[in-house]
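Look for chain A in each of the two complexes below; its partner is chain B in the first and chain C in the second.
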Partner chain A sequence: MKGTRTSLSQIDTIIGSLLMILALVASSFIVIIAAFITIRGILPFITDNSGLGSVNVLQFLTNTVWLRGTTFLSTAYGAGFIIINTLYIAFLTVLLSFPIGVLTALFIAKVAPRPIAATMRTIIELLASIPSIVFGLVGVGLFLPVIYNIARAMGYSSGGGSSVIATVFVLSLMSIPTITAVAEVSIRQVDESLEQASLALGASPTQTRFKITLLAAKSGIFSGAILAVGRSLGEATAVALVSGNARSGPSFGLFETTATITSTLLQGLKETNGIDYDIRFSLGILLMVVILTTNLALNFIKRKVGNVHG
Partner chain B sequence: MEKVIETQELSLNYGDFNALANVNLPIYRNKVTALIGPSGCGKSTFLRCLNRMNDLIDNVKVEGIIRFNGEPVQGVGVDVIELRKKVGMVFQKPNPFPMSIFDNVAYGPRQQGVKNKDKLKEIVEKALKQAALYGEVKDRMNESATRLSGGQQQRLCIARALAMEPEVLLMDEPTSALDPMATQRIEELIEELKKDYTIVIVTHSMQQAARISDNTAFFLLGEIIEFGLTSEIFANPRDKRTEDYITGRFG
Partner chain C sequence: MVKRKVRLSEILLNSSVFLSTALSALALGLIFFYVIREGTTLLNWELFTGNYHARNYIAELQDNQSQSYNMPDFSTSENVYPVDRFGIALEEDVDLAGNGVVRVYYVHPDSPFNQMISKEVGTEVVDLDVGMIFQRISYVDHPTSLSRGGAQKFATELNDPQREVYELFFSDLGGGIQGSIITTIYLIFMTIIIAVPFGVLTAIYFNEFAPSNWITKTMRSFIETLTGVPSIIYGLLGITVFVPLTVRFTPAVNSNLIAGALTLSVIILPTIIRTTEESLRVVPDDHRAASLALGANKTQTTFKVVLPQASPGIITATFLGIGRVIGESAALIFVLGAAIKDTVNIYEPSTSLAVHIWSMMTDEPANIALSSTIAILILAIVLVINVTVKIGVKLLTRKGM
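And then the complex of A and B:
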């Protein structure tokens, strides 16, 4: 008996160490990636870029034109408008996709008859797994011509349809399945006895769904929104296809062309070198910082909201 | 004695399963009626017929007559919301909403369109006082209800139901999740509440039925075996099966 116990505890120790090593490897990748991007991205600001002079950090963070002067000869890069564009587009995307996603989830979880709910759940899961480039293609092939014609009919010029609104639509299409899937799970997990209590108090089923079910599921619903924001901030290919890759901004008008951190980073990355190449790593730092701060802020809000009466 | 609720030849089926058969039961005003019987005997199902909570379950078929103040409870055209306003319910497990103490009690009236702040405050205070909880929570009305103890939560749920000013209060094993002290407080509260309300309580505890109820109905396999004054049922059960159950020989 004693021997068995010893060998069992030895296995425990070995498995424990193995798991720890794996965890260390996984987490060290994050550190390595962050360090690599940071070191590469910082070069344009601290070296003289082969005699061109270094990029001014403050101007980079605040300027409203991507590059003043000639490519490869100028260091006057500016990404201020790109940061604002990125946050603005993420905000509009959540504004559009959050209510649609949550209400769809509520319908699937609480209103739809069982066979319809099951079908819709499958469709949502499929949609969530479609690669982003496909959404980009739909954007280019379907949204851009329509938006172009609408903009023209309304007297706006729209760069062939590439615009803020096209970007927001494509990102919303991508975000809605994620929000719906996450929200639906948390809505289904709501304690039924809360809903019964509401109905027993003479509240209608609709009042119960909006006032009790959504309230009790708010933590999970908020997690879905955080995922959607993350996707909007980080998506590159689909955005590059429909944003118009504006070189100056910020773009607040819905029919204006725009550019986000990711789309600017991606645009022409493999066809350039020197400072024009290095500066994209600086955009990489910006992207990491923006996503990290947004996530921290949203998680802080989530804790605040969740704690009120959770 | 005035009957508030009365059922005649009430039967209920879940699909093929017969949960209630030929139940005839009067519920008298300002009395406590206890429904006792072993698990699965249909006592909770019966309780849920009285405010039509069984509507929420698929495949339920109810036959027979249920009258509340002489009006039918079943059937198309009956306003379920009106019925539930008059027939409140307290559940087995305390289930406060994840909101403040005040908002929990104000929830029912608010759904009926009461918006006036002073009016709501008055309703909430009255209901909390009736539920013997006001003194404990009056200084923390905006705190989360989920932070209250189990017994306090259940009294809050009673206050929440009372805020609708119902005539009847249905209680589905309201103390089964509570400790003896909290149970005693709820029992004292029921004594107090029957002055103004009619109470129907499902309980697993024979002692509880004996302590707090005026009338008792003994359910077995979906039928009422015996109904009468609690004192008589516990002292002189007419049916052998009732005697076996209350003396603890089964169940």
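And then the complex of A and C:
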């Protein structure tokens, strides 16, 4: 009897440690990703790139022209404008999608009667589940011709419609469901007694929704926006299809072609070695750093803003 | 006066709510409307079973004798031109890229075109199928008929009893997505086989076995961080880690579907762990205590009592994973490239449906029609998965109560 007991608990120990190994592997992937990309991404800066000379880190971070190494026999990779473009586009995307997303969430959580709210929720879920390549396809087929025509009517030239605004539109479509889903949950979690107190004090339902409910839910709403920014920064295929993949910049005009870190990463996939191949890992580092910094900064702001009203 | 002002601002605020909601709904509507409008014309069974790359044929007739065939009447069909001499009919049509082509509309069972001799390697017999496209036909002592001249001229020249057919150039249509469908199915299976057991066992560790200390906490937060990593970064992981790994241990010599599936497994792993853990968490502790009290050990309790109750959650996680695999493009473009293949081998690269769209959209000119057709297929699958997941979640919450 005692023997079985021990063997049974021994099995537990063995199984427990086997499972722990799996869990350790699962949690090590993020370390593997960071390590391998960093090692590969540093190569262009520390080797002489088979005679082309090493890439200057400072120039890489600040220059405004992206030249392909082996084609131009140079290491003048300037990603400065790409960083600015990426942040600029993410900013415009949030500017456009944040109000739409939050107000849609408000509608679903507070305004709409039950069946309509359920329908709207399904619509948002469907929008969230559409793969990014489909957004890219619709962007190319539906937005680019319209933007091209508008730009021409206004006297701007745009590369077939590929532009900052096209990228922002496509990314906004993809961000709205993220913002709405997170905002809706936090709006519904707002203490009802707060709203009732506001109504009892004579505020109208609309005033209550905007001044009490949204304000009380702002921390959650902000989290949704942070998620959306992360998604806009990291989105690749849809952006590459509508951005125009500019080689220099930065592009602030809405009808100018642009390039983000991800869209540049997707360029020139034919190389399988050499500097044009390795430099993509440098862009990978850059992308991770940009996403991480933005996230930290936004979370910092969130904590600051969240504290004002307790 | 003050009251009026308030009311105006209220109207503005309220209408902004309705407007935003309408815009969100419109976004989904636009996507579906556009994809369906552009894509339905190509939607047919041949697309799913056909090859993407058109195959070309060069052939000659076995006998050049004209005879009369009992042909159906084509006079009512527009743009169809019968060739009575050989028992076929040709149609003026437009291909995927919008160029005019001469397409085979009808072939009589006794037509000599059913028994042609291939002029490529060997003396294979080839036959002309409905839907194939004629490039050109050359004649003995007569100028060659080109498809550029249109189907009517083509048919008239072929019908001319003076002309003896010397050589025929034709091809099947191409533009099918059979290879990409098979690739997608392969990727789904391999990814699920790798990621689901891995994810479920990891979730079991965290929920049932792990001590609550800072190590577990750190491990959890590392896995949670994976969800925020953009898919293009996973692509970089795939080419630096998984491609060399698979080249080393399998017959593959370059990027391959196994490396793709491994990359996708890492992508869906956090989702599977989280969803499984959520479903493990709602299993009441009483069940664990009861099982332990009956003398079962922790392993038996976990795998025989707790895990079966979490199965709706695991199925939900699997479906979410399948959805991600179908939609993933950036990571796969990096790991597998964007070359569309008709014969699929797990040791070689090929494109999934999503990457097939990417490949055609980056072509010059972009093939929007076929891309939209594939998008319809992807959206349909995603829709089914969504409904399934919803049902799964419903089952899960009912269990939890």
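Here is the rule we go by: the second predicted complex is superposed on the first by the 278 of 310 C-alpha atoms of A that agree within 3 Å, B and C clash if a C-alpha of one lies under 4 Å from a C-alpha of the other, contacts with A are read in each partner's own complex, and residues count from 1 in each chain.
The rule we apply is simple: a residue touches a chain if its C-beta (ideal position, glycine included) is under 8 Å from a C-beta of that chain, and two chains touch if they have at least 3 such contacts.
Because the structure is predicted, anything quoted here is derived from the model rather than measured.
Aligning the two structures on chain A places chain B and chain C next to each other without any clash.
Of the two partner chains, chain C is the only one touched by A:Phe135; chain B is not. Once chain A of one complex is fitted onto chain A of the other, the partner contacts of A:Leu61 are absent, as it touches neither chain B nor chain C. In the superposition on chain A, A:Phe107 makes contact with chain C only, while chain B stays out of contact range.
Applying the stated contact rule after C-alpha superposition, one finds that A:Gln207 touches each of chain B and chain C. Of the two partner chains, chain B is the only one touched by A:Leu199; chain C is not. Residue contacts after overlaying the shared chain place A:Leu215 against chain B, while chain C stays out of touching range.
When the two complexes are overlaid, the chain among chain B and chain C that reaches more residues of chain A is C. By the touch criterion stated above, A:Asp191 is placed in contact with chain B alone, chain C being left untouched. Aligning both complexes on chain A leaves chain B and chain C separated at their closest CA atoms by 8 Å. In the superposition on chain A, chain A positions 204, 207 are in contact with chain B in one complex as well as with chain C in the other. Residue ranges of chain A in contact with chain B, taken from their complex: 191, 193-194, 196-204, 207, 211-212, 215-216, 308-310. Across the interface of their complex, chain A is touched by residues 51, 53, 56, 81-82, 84-85, 88-89, 91, 93, 95, 97-100, 107-108, 111-112, 144-146, 157, 160-161, 164 of chain B.
Contact residues of chain A toward chain C in the complex are 8-9, 11-12, 15-16, 19-20, 22-33, 36-37, 40, 99-104, 106-108, 111-112, 120, 123-127, 129-138, 140-142, 173, 176-177, 180, 204, 206-207, 210, 230-231, 233-237, 241, 262, 265-266, 269, 280-281, 284, 287-288, 291, 295.
Per the touch definition, chain C reaches chain A in the complex via residues 6, 10, 13-14, 16-21, 23-25, 27-28, 30-31, 34-35, 38, 198-199, 201-202, 204-206, 209-210, 218-220, 222-223, 225-226, 228-234, 236-237, 240-241, 266, 269, 273, 297-300, 323, 326-330, 333-334, 337-338, 354-355, 357-358, 361-362, 366, 368, 371-372, 375, 378-379, 382-383, 385-386.
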